[in-house]
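In the two complexes that follow, chain A is the common piece, with chain B as its partner first and chain C second.
Moving on, here comes the complex of A and B:
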């Protein structure tokens, strides 16, 4: 089964290109014939000349980033983008969600949906559609939302798995919180699950774990692509123990999204380090998993600076509410977790500690919300690596911050005239705020 | 790629405009070594067959044959425009882009706005349309004019109105040169206040530049050159103040000052012309920096200063560039942004600067800068990979800051001083279509603009609680 990626806006196109590059170079490693076959089928097709072509369409409202992505891909000599699988215009959306959603999206709907349809029809079987974009700007967020809506209309029964990049808290786009609120509230109704990367978190990983002195946007995107790749590359799942899972998106959603009210997913992985120290490091599964579990429950997105005092509250039925109240302040309650292990001796790894009912919301059935995938094929140069995709409270605080800042701005009606100009009214804003407050409330009291 | 058209009106507008074209040519010549007509060039220049004298169709792709500026030159006297046509830049303009008269506006806004505005209306609209028809995606008009005189302020703001009428979708960024307090034009307060009303109502963004600030900056640069302490030498290839390396050979009195403004325009458009890891398109400027439609006056600062001077001062730490951008001495108007209130701020960086450098400096400077309560993190950033000629990096900071208020208050006071005694008023009222109501309306427009800034400024330092959130019933 195959995944069709839809790269939207500057951020989506940069990360999408990195993702295909990571996936391709990982699949070309030694001793991984069936793994490569499965990965290639998932993400690439062969054209008549025998070239490997990414199953992806590239959309942007200005040409610079797309032409860069296409050039980079063909320079790799290993894979390329489809010759006509992209669409761009001359003028960007100017950081205005309303411009992307109400003007550019509808104006170019036909071309864009045709390109998506063509890519979907090229798949023998469609595993799902992966729109990738940032929530901050105008094209990725606004037009991306519109395109996702069109895809939902075209394929009401297919899986849509959105990947979103949340901006740095300061300094990218001033109206980013408005754009985020508008994007998230719409996508929540359209998408099956939303996987989020926060630029601030990834930036810290680059600085502290990867030891990069002058961090560029491309460094940040490489880490995001690495983490995403570690989820999307082939693995054995509980439903396909002897051959690689054929339905990666479906199984991921099935494991993680148990309730339509909860579809925000976050991700952390271990180890993550610069390639020069990787050669001198050895890891054992128990150590990796112990750290990863603590990262999960203490809501740390990287190994460094985990709060080890946070612990899982004991589940005592007689204590009931009391036990819940005693939860450590920093404790991150999960709704579902998916652990993906890749590398040497993976069969010896014991994942029992992730099944502790105390980690999960109390209304969930015991043991029903944890899944594990694995493969002995090491990922992207790491002898052993573990990734956890988590549906938990971990995005609650950043989401609450976004809504808080946007709401404060909305209270003074600052910048609203820029949106009403393109047909997004104050009432539309209020609806979006309501949707997000509902999500915040649900995640606060899982 | 999008295109922009520069409309330069009046003596000052044309002088600044010509420095811009000169520097823009130099910048593209420096980046574009192969002489190919590329996308970056196309944003401000057409490539035409010289045999047709610019009248023929554009040549896209391939080698540069003859470049024509996407410009409209308007002046109601012939001096400056004639000088341009005899000077080294004559190649980039042709006669169809020029609109001139012989008698000037006599430092009277009303003559520029009404008399010439009506007489030349058709010609202006046609000339602009011809320029617009050569663009396949027209994004922005850059209007350059001065506020004090008659043609720049009067006809300039009339042109602004025409642009809005004819091209409501196209962004209008206006660079306005404000007169100094000791201006020798006695009616300059009238002209400026009358023009301000038009700017407030019809521009998307205004970049005010004060003459006095330019004088101060030029002095400081000259001091850097002549102090000779750090072994500073004038760079050969990159000189702006001396005019070397440019098409124009000799320096004219205001060139150094006009170069600063021209640099402002070069830097503001760099990210739209060249590549970068964090593009900042021209339409993002208004979107990010203008929270309320009338409050669109953006204070700019350019650092390091030696990129304006092209003297070889040893480059100080990169971080110093960011610090300087917020200091009083580097602003292009007489204002102190640090002690006023920021509504929003954009940092447009060029050259070898990474996103981590940006983040570090924003984190460092943020605590020292007062921001309005609902936009505490009101930063917009752009990274353009092509630095200014001869330098490794540069920064243009654009701030929507209440520090513009004192400039406006002073202007108002000077206006009121004349207006109270009705001095020189009859010169204006003679002009057909001008009534005294124009003056009182312009005054009240400026007064209410000042009040809007005042109200925001008053919130500075006050603890504003978060707005109560929507409640969700559990």
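Moving on, here comes the complex of A and C:
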């Protein structure tokens, strides 16, 4: 049961490399033989020399980041990338989605799909494909969308689980909102689920929880990789209680994204702190879960600054819908949540508080909203850790911001010619806006 | 060429029959019945009625999601066929204006065969049925959104009140829909997971089987697989049946042009029969011989009526020529009109007008107007367009008479056409409103607009 990662563009390649690094170092911890076997099968294969090789393909239009990722991997001495599992060119996409989607993508389609196919055929069973990219740039977003489209065509029944990094609000790229709108609207139709990390949120975690003074991209990527790893590493699920789940992506999708209008997933985990203070901290499951639950309902991505006033609206049976429909300020309605617990005494943890039907949209079937996975193996140095993957309203506000900003620019037709010259017409833009407005509307009234 | 075609005809029709049976049409006649229908044999009429009923039930009834279970006896079936054909716009006389008495008696098997040809050629009934069939057989490959209409009209018996608060909480339609979409999505994801597991198993099985020393235990695992995969077998059967249907369709598609050329020959038969009837009728009128077939009698009646009309026409023609020869010459410059008075020409014209009027039998039947005003109308509908074909003798002839009231009559006809169109529109509107009213009173019924043809 294996996952094939597709690392796209600068961001995707950096996070991908970091993810494999976290996964590998976590699996190599003490007393985790079966855990390691399962994890290795999921993310690596052994080549003829006995080296552990990541099940991943690397695409970028510039060679720099790919060669850095390959070098870092082989320097670790524990794993590496496949020798031919990458493709790069000499010239980038100039932060232009249309350039990546309409020019670079189709031009190199054959080479790229061949690489993906080769990696997929190496798996006895494909659990899913994990394309990783940012939505702001040109290569990751534009070419990434194109590659995802090709993968969907090649494997119509396989699971595609996209990981996206959303840009800083203040912006690195002037047209980042255009790129985001185009990427999201396309991926929403191609992908089975879209897991999102916002740079702003992760940046805050680095600053406030990890106490990093000068935050680099690498620090941000480490946090993202840690969170992602805590989801993807082996765990016992409701369907496989005695052995590690062999179908992690399938089970995750089954519990979270069954409705085609609701595909956006956010992630938060607890605890998160710098390694120096980790040694002096002790956590108990009830405390961790109480915090995590409040983070979920109050839509806080960190344990600091949680609004404790937000509470789950009571479901008044006599008043029926009325009571439920009353908007509680700051309350984050969920569609489905997946809680993953890792560490000591995990069997004592009580997850009942997450099953409160008041937390979920009223139309969801009973028992279909909450799932929990667990393993007693501690993750990445944390004695206990809890992660929640949530299909909820939490991404509504950032998504709305992106669309608004993009629309304001589009209204004055700013930079549109940069896109039309590569064949992305104003009509295409309008279609994408419509798609996203539909998503916003769905999540606003879940 | 023609011989090769006739040899292949049976094969072609058999292919069509196979496809129709595969698409779930009941009582599909054999190729031989089709052949007999071409020659209007009475013994296959009943079979064709049933067949048309079955196919129209499938094609039309699906469109308007209406099902009448009390369609068992043949009379009501033929009535349904007639109204369904009328609804689809088929313009044969027996559809538009059936004679009194049972439809089954006065409609021949060739008429029904032609009606079938018409159904087949208008719209894409086969493709429509194929799509329906494929959807039935391949449930899980459809996306959840395709099912919105199915879910929408789901009865309240379906248990979707799964919010944990029990049935006391009212759940509106949209919520039900979302719940079902969610459940459906989950089911589909499970199906895809199973598919991945199946792929893995086949990969591993292949590896075991292709390894140099196959394990003897494989047979025991096989038997355990057999017991646990009845659902898979069912799925397999469905896929095989879908495959067979698709193959039948492909086979039919390759043979379709031949079928249509055969249908042309059926039409030719029909047309030549009309001619024969007309000729026979003239002689029968003199001899006073009566035929027993009511259908033929009906045609004969029409021809008789037309003959009278022709005589009237001739008289008027003559009158027009003798009364205003100068005028006609000076205004229209038709010098050859003078020659038309010759006997030979006149018989020729008479014959042609007779045949032509037979073509217009339908119009004539609906509006019995053998009046002075109507006569040029019958002839004038052609000359207005056939003015570019001066080589035709009758066009000259008709233009000569056309000067009487051609313009008036044209105008009259146009007005009548507009009036009829308006009436038709009005009727349609009322029908639609009635249907909508009816649908709105039935809870849970979703009115799906008819397929665009």
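Convention: the second predicted complex is superposed on the first by the 442 of 446 C-alpha atoms of A that agree within 3 Å, B and C clash if a C-alpha of one lies under 4 Å from a C-alpha of the other, contacts with A are read in each partner's own complex, and residues count from 1 in each chain.
What we mean here is this: contacts are C-beta pairs under 8 Å (C-beta built on N, C-alpha and C of every residue); 3 or more make two chains touch, one makes a residue touch a chain.
On a predicted model such as this, the values are computed, not experimentally measured, just so you know.
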Next on the checklist: Based on the shared chain A superposition, would you classify chain B and chain C as clashing or fitting together?
Outcome noted: fit
Next on the checklist: Looking at A:283, would you say it contacts chain B, chain C, both, or neither? Reply first, second, both or neither.
Outcome noted: neither
Next on the checklist: Quick check on the superposed pair: does A:253 touch chain B, chain C, both, or neither? Answer first, second, both or neither.
Outcome noted: second
Checklist outcome for this item: Across chain A, the partner (chain B or chain C) reaching more residues is B
Checklist entry - With the C-alpha centre of chain A at the apex, what angle separates the C-alpha centres of chain B and chain C, reported to the nearest 10°? => result 100
Next on the checklist: One more residue to check, A:366. First (chain B), second (chain C), both or neither?
Outcome noted: second
Checklist entry - Now for A:87: first (chain B), second (chain C), both, or neither, which partner does it touch? => result neither
Item to check | chain B versus chain C as contact partner of A:155, first or second or both or neither | outcome: neither
Checklist entry - With the two structures laid over each other on chain A, which partner does A:125 touch: chain B (first), chain C (second), both, or neither? => result second
Checklist entry - Once the shared chain is lined up, is A:170 touching chain B (first), chain C (second), both, or neither of them? => result first
Item to check | Three-chain overlay, closest Cα atoms of chain B and chain C, distance in Å | outcome: 10
Checklist entry - Which parts of chain A are touched by chain B and by chain C alike? => result none
Item to check | chain B-touching residues of chain A, taken from the complex the two chains share | outcome: 10, 62-65, 68, 89-96, 138, 168-175, 203, 207, 212-218, 220, 403-405, 407-412, 414-415, 417-418, 433-434, 437-438, 440-441, 445
Checklist entry - Can you name the residues of chain B that touch chain A in the complex? => result 1-2, 39, 136-137, 139, 275, 277-279, 281, 283-284, 286-293, 344, 347, 354-359, 362-363, 366, 373-381, 383, 466-467, 469-472, 474
Item to check | Residues of chain A defined as touching chain C within the complex | outcome: 1, 124-127, 157-159, 192, 247, 250-251, 253-254, 257-261, 315, 317, 320-321, 357, 361-368
Checklist entry - Which positions of chain C touch chain A when the two form their complex? => result 143-145, 160, 162-165, 168-171, 175-176, 178-179, 181-186, 189-190, 192-193, 195-197, 199-200, 203-204
